[in-house]
Amino acid sequence: MTNLAMRSPPTTGADLAGERDRLLASYAETRGRTEGLAAPLSAEDQQLQSMPDASPTKWHRGHTTWFFEAFVLEPAGIDVVDSRYAYVFNSYYDAVGARHPRSQRGLLSRPSAAQVSDYRRIVDDKVTRLLSAADGDQLASVLPIVELGLAHEEQHQELLLTDILHAFSESPLRPAYRAVAPPSGRPSAPDPLRFVPCAGGLREIGAPAGRGFAFDNERPRHKRWVEPFALADRLVSVRELKAFIDEGGYRSPSLWLSDGFDFVRARGLASPLHSSYEDGRLNVFTLAGMRVAGDDEPVAHVSYYEADAIARFLAARLPTEAEWETFAEGAIVQGNFSDGVLRPQPCTGPCTGPCTGEGASGVRQLFGDAWEWTQSSYEPYPGYQVSRGALGEYNGKFMVNQMVLRGGSCLTPKGHVRASYRNFWPTPTRFQMTGIRLARGVPA
Amino acid sequence: MTNLAMRSPPTTGADLAGERDRLLASYAETRGRTEGLAAPLSAEDQQLQSMPDASPTKWHRGHTTWFFEAFVLEPAGIDVVDSRYAYVFNSYYDAVGARHPRSQRGLLSRPSAAQVSDYRRIVDDKVTRLLSAADGDQLASVLPIVELGLAHEEQHQELLLTDILHAFSESPLRPAYRAVAPPSGRPSAPDPLRFVPCAGGLREIGAPAGRGFAFDNERPRHKRWVEPFALADRLVSVRELKAFIDEGGYRSPSLWLSDGFDFVRARGLASPLHSSYEDGRLNVFTLAGMRVAGDDEPVAHVSYYEADAIARFLAARLPTEAEWETFAEGAIVQGNFSDGVLRPQPCTGPCTGPCTGEGASGVRQLFGDAWEWTQSSYEPYPGYQVSRGALGEYNGKFMVNQMVLRGGSCLTPKGHVRASYRNFWPTPTRFQMTGIRLARGVPA
Amino acid sequence: MTNLAMRSPPTTGADLAGERDRLLASYAETRGRTEGLAAPLSAEDQQLQSMPDASPTKWHRGHTTWFFEAFVLEPAGIDVVDSRYAYVFNSYYDAVGARHPRSQRGLLSRPSAAQVSDYRRIVDDKVTRLLSAADGDQLASVLPIVELGLAHEEQHQELLLTDILHAFSESPLRPAYRAVAPPSGRPSAPDPLRFVPCAGGLREIGAPAGRGFAFDNERPRHKRWVEPFALADRLVSVRELKAFIDEGGYRSPSLWLSDGFDFVRARGLASPLHSSYEDGRLNVFTLAGMRVAGDDEPVAHVSYYEADAIARFLAARLPTEAEWETFAEGAIVQGNFSDGVLRPQPCTGPCTGPCTGEGASGVRQLFGDAWEWTQSSYEPYPGYQVSRGALGEYNGKFMVNQMVLRGGSCLTPKGHVRASYRNFWPTPTRFQMTGIRLARGVPA
Amino acid sequence: MTNLAMRSPPTTGADLAGERDRLLASYAETRGRTEGLAAPLSAEDQQLQSMPDASPTKWHRGHTTWFFEAFVLEPAGIDVVDSRYAYVFNSYYDAVGARHPRSQRGLLSRPSAAQVSDYRRIVDDKVTRLLSAADGDQLASVLPIVELGLAHEEQHQELLLTDILHAFSESPLRPAYRAVAPPSGRPSAPDPLRFVPCAGGLREIGAPAGRGFAFDNERPRHKRWVEPFALADRLVSVRELKAFIDEGGYRSPSLWLSDGFDFVRARGLASPLHSSYEDGRLNVFTLAGMRVAGDDEPVAHVSYYEADAIARFLAARLPTEAEWETFAEGAIVQGNFSDGVLRPQPCTGPCTGPCTGEGASGVRQLFGDAWEWTQSSYEPYPGYQVSRGALGEYNGKFMVNQMVLRGGSCLTPKGHVRASYRNFWPTPTRFQMTGIRLARGVPA
């Protein structure tokens, strides 16, 4: 998911001095985090593009910078650093002009990684000065764009990691992005799936108007009738995946959607992306290099098709996005994210508070660890309105043939995710950090 | 849409003699209609397969016959006509065995069309004798299968027509399936679109349990919250399509979903399938041969992408399937269907009664004429259960990456369609008789 | 090979009455033979096109007829039967106008096979009357075109058979074109390959000017220096093929050209086309249906790549076309051809006379049975001149990326082949009746 | 052309001390030249792979080094630098082991360009020490391998340049490899093509045994009968190309081979690779950046199909390789090569001596400037023998579906080319420095 969305109308009448400080701090932190994520990578690593859906590290760094130049600095009359960068670093904004073909971003030896670093420094300096000197009206007008740009950059921080993982997986030397200790916290006792019920009824989902940043696809908040349901208290684990494989799951058409079985059969798939299963061991290639996955770790890098089939194998189904959001509402957003100590693998973390009042204790991994496929297609909410101008040009443009995912992953920056947050990918997608949360209907 | 679905539990304790007569009459009528539709076609015509998604006439005739042999006669211990036909005429039932590759059905010079006629006659005779001799229990058990087989055959009657239309469109001689007079009923006065409002609220959609035949994807009936909306009183017409084309609609990315614009650009599309637009005239190839479309005729043969873009151009959107069904509930199913005098083109027909109490008078083409794309993905209803056995094997198997269409078309047999009926096709589909009904939100 | 070529300058000053009778007899015989070859096939069979490189029987019948209409009747001012046939039945003559796409010939349900029969009858009647009424000059001018048309029709007679074999091989019912007894004549004793030497030197190859019909690619006759060589006394047999397979030939890169190994590996090939090898038996699908090949039968349906690899496995190589023609010069053209009793499989037949004076007795299958791949690319002979007009348009147009084959096959009509005859196909071709003649160098 | 070939039997009984010095000097010069060619390129530039047929600069540098390690050092029992490099830098030697897929060489961020520099230094040091310490027998045995390795490295020097040209042509910034002054030497007077006759007869072509290094595909020297012919005194120029384009050459099927016209039509080609033709100017992208080509410059970057069509347009044809070599025999190898002052564009240079005694004065560009397509397929010479072992594994492996080119180009190192030298590429190849020499037959 890399689309953008206009912020909801900015808060008005606030203390703009405080706003300015908050914004400058947020800008510095977010922009600096991108550079931190790129730091372990050489200029040559940063140029890799291993498939059309992925982009080079260097391009992510340039594209997010171009965003601030095109939508914040240029409208303020500030000269661009290099007029050719608009062509090189535009992603899909037709209204802004022509762009370099997506599949050929790996052919950009120029500008160099060092030149991109320069580009970032110059733009950061200009933005910082612009924000520092802005009066009240100016700040109010530019603030939603900057907030949007930072949320956009956070999305690319996650993509930077999934893309370099894919690139390194194609390298014969199989380099590690960063050596880290394997996830710990294996339970000493068996850990059976437990389903936590939720009553449903006439509920509301979506981001409330005027309360903090949200993408426009999260709005408007609206009513949904939700039948009683239950969600699993944790993600599907490697142990359950092994059972699926051992019992011939990848070769059993009755477990699959028709498209899904065609998908795995045509490609000869027999385990999630970045993994192979041999002699009872699931070998996985991760940002920390090759390792053997622990049985209690959450499954990752599965397509929607695999998530759907594994759910069916486990006598369950995927949740709808309305169920997921109803369940998650009010929960504290905490878990395994990409900030702080990066553990670039899903692991076992607590989350408290889901489905208020219905036994949330012990529910794990609702936020972070792995994105959770829902069975809901990515569609506009009732009353959804497309924004105007280049930023709004594509807001609803991807709302077809994609599925919604919820909850964030261990590669998502902390603070980026909300209960109402809608990620979306086509059904064959496996290179993202995608996992499985099970759902079931319950008697009313 | 060619999937099958188990009937809901059969009616019990009814007058089985009457049931038998009704069933025999229905069987004879439906089976005879297929032969009537194939009658204008030579053995060579009946062998044509012009693309993998279409099938030869002869194959449709054989496949629908094999259905009764495999699911009615064989379970009753009756010998098959030719053991090789199970391979030739199976479509996608993995549980029943291997099958001839779909894309190679046009290579079946054997069995000949004459042999398929023999096959149909023999199977019809066997089924008729089985039904005539069945006692109460036997009839109760076989009745839902026969009803399903007849509904299935009606679906193939529509496909037989769309497929031969496509095949003839690829012939350099451009033959007509059947010469008919062009649609009449041009209004003498302008015919502006009128939007008929509907209050929405907490509604129910889906086929009620136990009231007549319905596919399982129409069940269970369940609650939906529907915001107030309005539907157009007729389908989008050729006049509106021309305005879209004249104003550069096919070349304006801002009107399209991203996938949709890629779709039309990659294929160089500039008008609906089977049509070309030159000098202000829309030339269309129809089952009656080449003709010029009248301005008030409904648009047909558009993909979901085109329907979505044209709706956006007309400052509207496509309806959700819940809106459509809410609107259609209680309406009388009448219009331009494939029975009686076949007019193999959408035209102008009345429909009364939609959205009870809210000004339904004058709403046209709600049923028949052209299938209406909705903006709803084809997903299982809450509580949907997959049936058991071969017939149930694939019931929910297609519920991904497809959109729901409603209302039937001029190529659909009368009696096949209901307000709860869900047709479904992938977004690029254009060879079906697909049209556009506009929707808009309204203030609550 | 389906290209055409202008006849060499017509004989002059001959007895035209005798020429007329000969031509009328030849016309009647050749045209009638085509209809005889099509006779076992139903109208539905005649419509089959199982791959873009093949054409339906009906199309071959129409195309060869159109040739006489376009190049004999039209220039004589005689009206065409149906003006649309020029589009339908043109193959590649750009100068004559647009044409139906080659890959879509299987979509021609119209004209029907019966209409094509009518077309042939009418054209035959017109041509016969034209020839009968022609005076000396007229006959002299039309004779080379008619001769060319008949040679062209003989080429399509062979294609008609190879194409229906391929089509039937794709049918799940695996029908036989014609039931015939399997080839007989198994030798009672082992039949080791024997190499017959030929001295070489400064030789001439190519068709001599003015001596009977020849395609222009056989001209001009010209000098070649040929090093001493030897040719095998028979075609490579199934026994030798089995040794190749048994010793892993299809999986040994060192035996193959680089392109060839990519070719068989990408397609997973493990035996010639229309065959499978199981438990020591080579099962082959033939025009007579499925059968088990005898060990002494010649190998057929191999690509150039396989022929080259099998030759290398047998410590030999393929001959050059200069070697082959030097060897064959003066030999009597006799063997297993498609005339008389059609045995649609290569078998064992004698041929006398090759490489005069050097022990030709016992050389077999030099003509007929199977086309023999040479290691010579299809290139123009020194001094080759392209003819003028539509007939000459494409004479040299295919002289790139194809290999020359020599000697005719059991599907070639008798009288079509000469020692100088050059057939040509791209290296991956397997659907033709292609076999292997081995060659070796010898000390001078 | 990147295949290898065993040297002809090494010279025996020579002064090995002198041989050693000569070899050490040759090794140092050739290896150093590669590094000089790579010097203008950054580490990021050196990683670019813009199509499967091209390789990154870094890979060329590593692969040529691996050659010496695998075939010189390892057989001498010397440890490898990094055991993984055999996988990374092997190109197509099946006998040596598995290899990295060719199309994914651009994904090798590791090893870095700096690591490849280290690799080269270490291997150079080891080879130098090995050669310096070798006794007579050892040197005699290793000398042909080292000579072959150096000839192989010279081939990759040319590829390094053609590949980076292609990569830069795909960059939106269109960088120059090296800024050089445009070619000079425009003649002040018109420069009509002049055809220089050659008598032909029974000639010999191919490298003589035992006289200096030659690839095995140049051997054995053998007799050919050559009809009288004439070659043009210079390459086809931009002026003649413009006439071809202006008169619709790219859209005239009658000028083209059938495959060739399909090729240009399917790709929409209208000028040579790396060029566009607008308003009478041919804009070309070169290693020196974008420039306008002068009318008298030789045409470059044409496929075989274009060369053949342009020759036909100019009422000529391409030479056979026997004609070319007969013509070139005895000529002094001089012209525009990649050594000394690199002018990375074909230009106008003299060559003396072709076709002895028949008016060679004034013949230009016979060597250097641009490779000259011949109409001869790349086939083994009579009596050609494949060498043994890994080095010989593929010697004849590419002898199918390729055409021979002669004479070298401005990107070929001086000393690499001979009159008997056979380059070869498939007919669609345009990214090489390929040009056109015309030929004609002449009366005997």
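Order as written gives the chain letters A, B, C and D; numbering starts at 1 within each chain.
Please note the rule applied: contacts are C-beta pairs under 8 Å (C-beta built on N, C-alpha and C of every residue); 3 or more make two chains touch, one makes a residue touch a chain.
Note that the structure is a prediction, hence the values are computed from the model and not measured.
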Shared touching chains for subunit A and subunit B? none
Chain by chain, through touching neighbours only, how many steps does the shortest route from subunit A to subunit C take? 2
Determine, using the mean of C-alpha atoms as each chain's centre, which chain is farthest from subunit C. A
Note: subunit D sits from subunit B at a C-alpha centroid distance in Å of 62
Express in whole angstrom the distance between the two chain centres, defined as the mean CA positions of subunit A and subunit D. 49
Would you mind pulling out the distance in Å between where the CA atoms of subunit C average out and where those of subunit D do? 38
Residue list for subunit D, restricted to those that touch at least two other chains: none
Counting only contacts in the complex, subunit A reaches subunit B at residues 92, 94-95, 202, 222-225, 227, 253-254, 256-260, 304-305, 308, 375-377, 379-380, 382-383, 393-394, 396-401, 427, 441
Where on subunit D is subunit A touching in the complex? 42-45, 47-48, 50, 84, 87-88, 100, 104, 106-113, 167, 170-173, 175
